[in-house]
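Two complexes come next, and they have one chain in common, chain A, joined by chain B in the first and chain C in the second.
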Partner chain A sequence: MADLALDPRAELNPTLVQGDATYAGVTDAISVITESKPPKQWYYAMAVAIPLAGLLFFCLGYLVMNGIGVWGNNSPVGWGWDITNFVWWIGIGHAGTLISAILFLFRQKWRTSINRAAEAMTLFAVACAGIYPLFHTGRPWRAAYWLFPMPNELLGMWQNFRSPLMWDVFAVSTYATVSALFWYVGLVPDLATLRDRAKGLRQQIFGILSLGWRGSARQWKHYELAYLILAGLSTPLVLSVHSIVSFDFATSVIPGWHTTIFPPYFVAGAIFSGFAMVITLMVLARWVYNLQHLITIKHLENMCKVILATGMIVGFAYGTEFFIAWYSANQYEKFAFLNRAFGPYAWAYWSMITCNVISPQFFWFKKVRTSIPAMFILAIFINIGMWFERFVIIATSLHRDFLPSSWGYFSPTWVDIGTFVGTIGLFLTLFLLFLRFLPAIAISEVKGVLHNQLVSNKGGH
Partner chain B sequence: MADLLDKLPLPAFLKPADTGGHYGVIGDFDTPEALLRAIRTARTAGYTKFEAYTPFPIHGIDDAMGEPRSPLGRIVVVCALLGLSGAVLLQWWTGAVDYPIIIAGKPLFAIEPSIPIIFELGVLLSAFGTVFGMLALNKLPTYYHPAFNFSKWAGASNDRFLLAIEAIDPKFNPDEIKVLMDSLGSRCTELVEA
Partner chain C sequence: MSAIFSKKFDTTLRLAAAGVVLVLATGGGIAAYLLHPNQVDTGYTPTQPVEYSHKLHAGNLGMDCYYCHTTVEKSSFAAVPTTETCMNCHHRVKEKSPKLQMVRESYSTGQPIPWVKVHRLPDYVYFNHQAHVTSGVSCVSCHGRVDQMVEVKQVEPLTMAWCLDCHRNPAPKVRPAEFVTKLDWSPEGDPVELGLKIVQAKGIQPPTHCSGCHR
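Then we have the complex of A and B:
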């Protein structure tokens, strides 16, 4: 246990897990958040988030009434902000699964106090992502017939399973379902803790939600194995999801999309942007709920290191793309990339490079990795940069078609902008509700870490 | 009801055990280590029907209780195979049998483009098998359980480590068990109603 980075004592709340910490103290510290009125910062944050979420529903209603022509995408840029936002949100979700599943398998104890919130972030990000393809169909109430193989009289035919868009339907819906199951299974013992502390209606609600969990040794036995299996399933799943999202592009014949580098490049970018969003949200959660003692600077610093590593992979992928465009000797490919960097969208390309390649380099310095304002600003830059990455890939590859007669330029409409800003509002609203009403930190897991520590303190090893 | 069941010519295993209206005796321990010691002692004393309630999983408790490994893994393997083969059947039957239509000159069914959905459905059904299998093995949801009648029940999800010796145990004798549990360090030992 010489490695401080793996030692739970160095990671967790000093008042929670130091010598005088108790199991009851852990229960109280986390449960009390859900049992008392939120601090005023929560209301300030909600006051920003709810109107934006309202804007989303307004824009979606406007779209349904008027058709998808209210968005800016049109020939030749048939995919615009909708798919950009879809890929961006899905990518953000990936950090939650990485923390909850992959770091669990690698026995990274520092994940314990952030995994619950990161999993919630995954769910809400995937929900925001799903809105775009669903509403891009124009008739979302019929979308299930088009997207899922349901026998029906409406079409009288089956989906084309050789299309990557169908793979995407299965990947994203599986990802949403498995993430929700994983999150809920993790919540059950903590919901039982809230039930046992509550009275009246609150006890009934948490009683129903906790499924009558008793924490018996036999229940824990099946539960622990289930948790391990879900982590094992989620790990390849999360890697497959962004790979399959990248197939939407990579299996096409469009220069700039048709590359084999896409799956790993998308996955690295997803983790890169996801961790930036986790940092954004954790800084917010620390501010709203004064969770400085649970989400420590060490957690944040570790996440900055992940961002630095994945940011380097993303930067390397940008370089590789350019090299291959030249090395392939394919004039269309070469044009697509020169056009990306020096064409009408150069402003977007260089914004992407600045945000994604240059800004993470600051994380080489420990001073930056341990400064909340610095990492918050850099994380916002990375969120913006990764949004630009998807925009650059989508818009620049499409806007100059093979024939110059079908060249165009994509500009978003107010509905595009309103929908995007609206999903950020929905995401923040859901996250704030989660912080308020559910245990945002895994109570039983923290107690497990505390127990190991008490034992090793006593045993002196 | 119990009288009626007694009169019926049923084999013994179908008749509810006579528990005298009790669930069992529950003792309340301070630490996981005290609980493990109590479990080992109770087992040595010959009790077989017992259960522990803890706020987090305790390493080594299955060995102490003599619990077999969870069969969940086998359930998940079956579900995974169902998902993988179901995805092959789905894509082959819809694409090559029920609605064969040539798109871009590609074969009606081939394994390569089917891999992503085979993988995803394999994972999806495995996850269903894991979660619903776990719930079924744990008999959840169960909204009533006699252990909830223990006066210090709330501790079991907070900071207490409970051991219940159930009334269906052939050696069940509340007074003896109380003495045993108290001697092992139980803070509160109670005979709990069913």
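Then we have the complex of A and C:
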């Protein structure tokens, strides 16, 4: 940001902005999206997303009227698609935080044109994730004092503070709060840009939202310090949130869950799935809005590299789990993993391996890393694979109880499927609204990179 | 560029925001009070299909609760009496009364009278009726003075905190089992002292862990 021009490494990425590489050009290209009618593709996407979001509300209403028996989870598989989807969505959110916080602290300039959309994706993913535990209570209106330690005279007791489920409530709510603040603080200068280009009511709305931003040196100084502090606050969250989500499983005594490898393995998986989702969304967004000169192949290639690295960690973790199952000489552990690979859920396990271990290997090739169709298809595969990972962990570990008389098999109901597809609809609806009404790329930050590029094109200084 | 907002706007906006917060907090508080089980559940008095008076039967006539509610000390479920139980007396007593029309019909057709359940616990609570009665918890502790009610009315909130009050400190609510259905009974000495003796003698340890009631 402020010291961009002083950073010698910036010269390594000289062309992060292509095309009309002027300040006005960048402002125009991004602002115009929010100021004019969206292209046809946007309406087509909305026509798919809104009915699906409606399906979500229908399914949730149906659940509230009838109780959580309408879902497929029942003894012994007490956690089914609900927690699978919760972990999947929370994981997806992690890419946004990693891009906005950790890559910022490491001065990775290429984050600038994708961080805004990735942060928005985080917020929407966390919103989708939150739906599941909330509605798994069956009585979401009571969740306030069931989930949060709120003084009340109904329960007569506090939550179990030794339970990771309690920590999870704090982790996810902190995550949502900090992500929202970070996203909004980053938006302020860009909202002011939109305000200055607008007239009438639009100007008033953006005037209120931009909190009196005038772009003075003093304001920039405060802004950059605030942004740095928020980046610092978000950084531990990238690691802590999914670590705590993994504790929900790891602190239990269920073979297949009771594993010390879970926290790092879950965090790597979260970043892996999150970047896959960022690629999925950014490929579509740059195509719909012609942003190829701002979200360049370079950005996408870098994300493919992150996917390759985290995908290898995830694959290594799968291997380690099997190694420990053998090395521990614990017959229950051994059974849990053999059953995972060769039992009734083998189809899910091998789908997971194919999608998560094999498909990222294609990113070793630069041709694949720079091919839009290839990376889009692989990203979709990884999204599917990471969903299967959570399903495999949850369903295969639970369906073989310690007592063979309690063995079972999980099958989703139409409400399970409708709720899951519905959250995808809600996520897409929110994301499309974001693309339509807010600057999807951080104008001020791209200009910071552009400044560097313009200076170095003139021979540096 | 000219200013978009007047100088006063900032103050107006802050006051408006404070106002919205105040209205929401007040509204939330009022809603929480009105929706509290003390308001919503306590006092629940459904209209029963037959105009049956507990005051007359259990109070004035002095019938024991066990006469009709036969399973309360043997089963987890407190049964509502069958029509046959009513007819034990009513085929001789008031056998022409129009108020008993439905009872006679039920007796001849075999279709049970659709009594309305008053004390309902959520379906995620496991409640064992006989465990409470045999430990010496009187009917009156949960159901109130039914012998003085014409129509049965819920007098306790039946919240979890209310359950736990007694589970954490059972002695004041425990009496010798033979007086469980004597709703107006009180011991000669200190009830807590007597309760403590019974708790010790019977080894009563009411569960306060989650799976005691949520299984």
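A few remarks follow.
Note that the second predicted complex is superposed on the first by the 434 of 461 C-alpha atoms of A that agree within 3 Å, B and C clash if a C-alpha of one lies under 4 Å from a C-alpha of the other, contacts with A are read in each partner's own complex, and residues count from 1 in each chain.
Here is the rule we use: a contact is a pair of C-beta atoms (placed from the backbone, for glycine too) under 8 Å apart; a residue touches a chain by one contact, two chains touch by 3 or more.
Bear in mind the structure is a predicted one, so any value in this text is a computation, not a measurement.
Contacts of A:Asp196 after superposition on the shared chain: both chain B and chain C are touched. Legend: residue contacts after superposition of the two complexes on their common chain; A:Gly212 is shown touching both chain B and chain C. Contacts of A:Pro140 after superposition: neither chain B nor chain C is touched. When the two complexes are overlaid, the chain among chain B and chain C that reaches more residues of chain A is B. Residue contacts after overlaying the shared chain place A:Met157 against chain B and chain C alike.
By the touch criterion stated above, A:Tyr223 is placed in contact with chain B alone, chain C being left untouched. By the touch criterion defined above, A:Gly67 lies against chain C but remains apart from chain B after alignment on the C-alpha atoms of chain A. Of the two partner chains, chain B is the only one touched by A:Pro149; chain C is not.
Of the two partner chains, neither chain B nor chain C is touched by A:Gly130.
Within the superposed three-chain model, A:Pro38 lies out of touch with both chain B and chain C [touch as defined at top].
Comparing which residues of chain A touch chain B with which touch chain C, the overlap comprises 157, 160, 195-196, 207-208, 212.
Within the complex formed with chain B, the chain A residues making contact are 22-24, 27, 149, 157-162, 164, 166-167, 170-171, 174, 177-178, 181-182, 184-185, 189, 192-193, 195-197, 207-208, 211-226, 229-230, 233, 236-237, 240, 244, 247, 443-445, 447-448, 451, 455. Chain C contributes residues 1, 4-5, 10, 13, 36-37, 123-124, 159-165, 208, 210 to its touches with chain A in the complex.
Every residue of chain A that touches chain C in the complex is listed here, in rising order: 67, 138, 152-157, 160, 195-196, 203-204, 207-208, 212. By the touch criterion stated above, chain B contacts chain A in their complex at residues 32-33, 51-58, 61-62, 65, 67, 70, 72-73, 76, 90-91, 94-95, 98-99, 101, 103, 106, 110, 113-114, 116-117, 119-121, 123-124, 126-128, 130-131, 133-135, 137-138, 140-145, 147-148, 153-154, 156-159.
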